[in-house]
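The first chain written gets the first letter, and so on, giving A, B, C, D, E and F; residue counts start at 1 in each chain.
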Amino acid sequence: MQTHAAKRVEITIETVMQARLTRALEEAGVTGYTILPVLGGSGRSGGWSRSGQVSRASGMVQVICIIRPERLDPLLEAAFAVVEPHIGVVTITDAQVLRAERF
Amino acid sequence: MQTHAAKRVEITIETVMQARLTRALEEAGVTGYTILPVLGGSGRSGGWSRSGQVSRASGMVQVICIIRPERLDPLLEAAFAVVEPHIGVVTITDAQVLRAERF
Amino acid sequence: MQTHAAKRVEITIETVMQARLTRALEEAGVTGYTILPVLGGSGRSGGWSRSGQVSRASGMVQVICIIRPERLDPLLEAAFAVVEPHIGVVTITDAQVLRAERF
Amino acid sequence: MFDLALANLLSPVVLSFVLGLGAALARSDLSVPEAVAKAMSLYLLFAIGFKGGVSVADHGVDGTLGLALLGGVVLSAALPLVAFGILRAVSGLDRTAAAAVAAHYGSISIVTFVAGTAILDSRGIVFEGYMVAVAAAMEAPAILTALWLVARKSEATQSQGRGELLHEVLLNGSIVLLIGAFAIGWITGPAGLAQIDSFIVAPFTGVLCLFLLDMGLVAGRGMRQGRGVLDKGALAFGLVMPLIGATAGLGVGLLLGMSAGGIALFMVLAASASYIAVPAAMRVALPQVNPAIYLTLSLAVTFPFNLTIGLPLYVTLAEALTGG
Amino acid sequence: MFDLALANLLSPVVLSFVLGLGAALARSDLSVPEAVAKAMSLYLLFAIGFKGGVSVADHGVDGTLGLALLGGVVLSAALPLVAFGILRAVSGLDRTAAAAVAAHYGSISIVTFVAGTAILDSRGIVFEGYMVAVAAAMEAPAILTALWLVARKSEATQSQGRGELLHEVLLNGSIVLLIGAFAIGWITGPAGLAQIDSFIVAPFTGVLCLFLLDMGLVAGRGMRQGRGVLDKGALAFGLVMPLIGATAGLGVGLLLGMSAGGIALFMVLAASASYIAVPAAMRVALPQVNPAIYLTLSLAVTFPFNLTIGLPLYVTLAEALTGG
Amino acid sequence: MFDLALANLLSPVVLSFVLGLGAALARSDLSVPEAVAKAMSLYLLFAIGFKGGVSVADHGVDGTLGLALLGGVVLSAALPLVAFGILRAVSGLDRTAAAAVAAHYGSISIVTFVAGTAILDSRGIVFEGYMVAVAAAMEAPAILTALWLVARKSEATQSQGRGELLHEVLLNGSIVLLIGAFAIGWITGPAGLAQIDSFIVAPFTGVLCLFLLDMGLVAGRGMRQGRGVLDKGALAFGLVMPLIGATAGLGVGLLLGMSAGGIALFMVLAASASYIAVPAAMRVALPQVNPAIYLTLSLAVTFPFNLTIGLPLYVTLAEALTGG
């Protein structure tokens, strides 16, 4: 089938920053994203796990954006401005999509 | 270690269509898939979030299939037939897998 | 923006093996990982779904590691030793990351 | 009437809903986890079904059970035609969207039903226990009418999925649990109830409060997100259609010679609009219709209207007209 | 006996299980969220443990506590040998699979135990409060026997993980909560119970109903998915092994001179098969065995058998043989 | 005093916490699903708020309500200054980290408050129902003080996000639910309570037990993970600061001429440290501070201290000093 090149950006970020991040993405012209729950993880600031968390303070989510390659840079800048002072990870992968008119 | 080329297909689709999609995939010869929960998202049909959802009508899931490259086309056609009238996104990424005999 | 090449390894494995896997990864020098919940799936050993599961015995999780390319092999070996006798899938994708100093 | 309306508005149940609504409109992050909302709805369905069954075991079934079921099915199948006609006349919705919305108003909202029984209980008005079964019988027929409304004018009938869709709707979790609990209550009767009443009777109203808190949150979010989705005609429909439905329910109830409580519940069922089973069915059968349209109408317009104004009105009317 | 069997079958508890079973077999989408099922099991474990502890605080411990614990451990360690022998004789399971299944039947199902206490309570039969501790003591020994059965004939003993596995099994959440709540009940006694009895006593049977609804759903799905996994020999084993276990439990109970209720619970424990702790342990220790085999046997064959037929049978026998 | 301390330590509520703590330290996999923990906290907030409102409806409001709110706000705003000073003197925390921690100790822990009311209830000591509103009023001011402490010495004030942050904190779910339920209780009064008391009164202590079991698990995990995060000075701060806070609360309560119960609750609020609202605010406002520092201090040091030793101490003192 006919597919089209796209970039897949995944941003793992603290739950408390989710609303700020998606707002920044929307301001940067991102038209869609999907949010996955994260169960736990580990990094330079130690490990954490969702089970028994009483505080919203330490949960994380993963925000996935599929975008046209030419839109990557504004997105990364918007995301980076939010993520930079926080813990979290940003990865970019090359992907193909169906229905390119959507992105 | 010895790895093998494969395609990773991710289909984000409404929960109500999950059973139909996996049935279509199985009919297209897909031998395995993994389903991830989706917390929320935004796209052309607006934003939604799982929290406080009373209706199954607006949840989504992400179905991930790892397949041999030569099987990509039948899979995409099967998936597309189900996804096409619905909201949702299909992406394909190049990947490497261990234990290729499984796919 | 400045990005850096990295490998993204995704390991889908039974929940009962999660602690053993992350311990093995840490011993292999992996400095971070993220764990996603899995709702259900299907493979050679049949299908399963989280809903109504009474037993921890059949749940799965997805462990994602972003690493520098040169660290891939020890990671795969560590992961494989844990995954090998078990059901589950390991995929590797090429990715780009921001803030390479973290990996 | 006015007293009852005020008593209803100032009950913990309705105020909890208002609290949720206000919190969502003020963009508070108050939220009820999905699993917990689901658990509360399982609890309410189990309790209401069980108590209905026990009541039938207790008082016996008279001949009206069959007629009431039939009346419910007819109401559910016929109301979408009315709703469809009105929507096409007053709103800008196209044929398919109007049919999808119409299906919701022929079907029922079990939570509205539960809130109705809570008012009846608090006023000491009895009702036929089998109304729970009538509620279940009214879920699906409206969907068929809506699909017929669409298929009549379109060649692409997708008829191959029809059977599967019906199977799904008839066996959807809510109906199965409601009818199943009804059957268990009927079989085990008052002795069964005695074993579990401190679980399903005593805490019932309290759980309903927390559940309606969540419904308020969802309705409030729906109002915020649905702004702009509905034109004025559609909005007016969401407030007028319950009254039309209630009138039809009143007619059926009177015709069957039911008790004041039974008539009130017939009005409640006919006035209420589905927001669980029918939306899911519509996403499968008519995916081209934006779900925000029917969810906003049914959850953010009709449900609050019924909960605050509709229910006491229907109960008062039913009592007045039966000399209760 | 027949009366009790019928009363048991027609209780809300068992009918809720049947409802779940039927819904799953009819492919309804009725489901209980994982978190809610987990919450109900935490509740049941806490309540049953606490009440057991209070009962011990109330009636004091006589000398049999230690003997009963010992008896439980011996039963749990010995029954897998019997189960293994039968499975190798009548089913096509290989050595490792048969050992894995055998571990489940030596260990216990706490929900079956809870359902057993519910029957005793409803019939007014008292039992030793410390049977809760016996239940906890019976979870793990069977696993050791099964691992020994496998290791005996294989060179790859994987012995490095043995200690870790035991730590996991002995400190698994269910055991810790059960024993912990037992201790709290013992320490705080009737005064502690008075503080929380409207939480752990009054709604108990109702929660058990909803929990068994979910167990029915899981068992029903297990029946559908497990079709073809078990041969006739294995199926027969799943129905006969509980009777063998119950007989052994009866012997131990009589030997220790326990009350009718205590003997009945010994039978229930020995007859029941684990479906939480042991499956998890087997996935770690013997990953090569398809989990569908033991989950189907224990959840979809033995559990329903015990719940519907086994429990009233064991209670009747225990009463008859102690002249109760 | 000693009797009360022992009675408190041996209550099901505290022992449940200890059980959770022990299970986590022993690395058991016992865990409470996130959704269930959230549900229990929604329940506790709703119940405590509602009961507070009913109590105000019942006894009327005297002039002290306004003064008590003011006293609470002043305490919450002033205590972080004390905490900050101590931390800078005795611990190695830098300016920003010390300010972040200080915010937690000016703010309050609603669960500690709930446990405090449970002790008062069990001893039959009455308290002003509006203390629930005081608790809500004390959540946020401490955050402003902490941000001011940081901004005073740094150029990068990030002031653009200040308004948004305040909106979030003032409308965070816990506060909205607590105040909303308080209002509902006030409006519906004893009649409203009668409708739902078998939901919010009878099972309250039992739910609190399970909730504290989970708190124990979280605190225990915090102790394990937080080992090494805190130096000795910080640890000592976590044990001494509650006593300083309690003393300040005692002063305010005496000054306002409140009842023994009201004074005790003022002490509890001032002594307790936030672990829900403030950590979330700090992650947004001061992300550079490692959250393990304040979570470990507030959850794994101060909370257990208050629950076991602090609460009976504060209650005894309040009673003694008012001649209660």
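Everything that follows uses one rule, which is that a residue touches a chain if its C-beta (ideal position, glycine included) is under 8 Å from a C-beta of that chain, and two chains touch if they have at least 3 such contacts.
Note that the coordinates shown come from a computational prediction; the quantities given were computed from them, not determined experimentally.
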| item | value |
| --- | --- |
| Intersection of contact partners for chain D and chain E | F |
| Lowest number of touching-chain links that must be crossed from chain E to chain F | 1 |
| Interface composition of copies chain B and chain C: same or different, split at half | different |
| Cα superposition of chain A on its sequence copy chain B - rotation in ° rounded to nearest 5 | 120 |
| Chain at maximum distance from chain E, centres defined as averaged CA atoms | A |
| Centroid spacing, where centroids are CA-atom means, of chain A and chain F in whole angstrom | 34 |
| Gap in Å, rounded to a whole number, between the CA centres of chain F and chain C | 39 |
| Whole-Å separation of chain centres (CA-atom averages), chain C against chain D | 45 |
| Residues within chain A bordering two or more other chains | 36-37, 49, 93-94 |
| Set of chain D residues in contact with two or more other chains | 31-36, 39, 198, 202-203 |
| Touch relationships between chains, expressed as pairs | A-B, A-C, A-F, B-C, B-D, C-E, D-E, D-F, E-F |
| Touching residues (chain side chain D, partner chain F) in the complex | 10-13, 15-16, 19, 22-23, 26-36, 39, 122, 198, 202-207, 209-210, 213 |
| Residue numbers on chain A that touch chain B, as the complex places them | 1, 3, 6, 8, 22, 26, 31-37, 61, 66, 93-99, 102 |
| Sites on chain C touched by chain E in the complex | 14, 16-17, 20, 45-47, 49-58, 85-87 |
| Chain E to chain F touching residues, read off their complex | 33-36, 38-39, 42-43, 46, 50, 167-168, 171-173, 176-177, 180-181, 183-184, 187-188, 192, 195-196, 198-200, 202-203 |
| Chain F - residues contacting chain A, complex | 31-34, 37, 41, 214-215, 217-218, 221, 225, 275-276, 279-280, 282-284, 287-288, 290-292, 295, 299 |
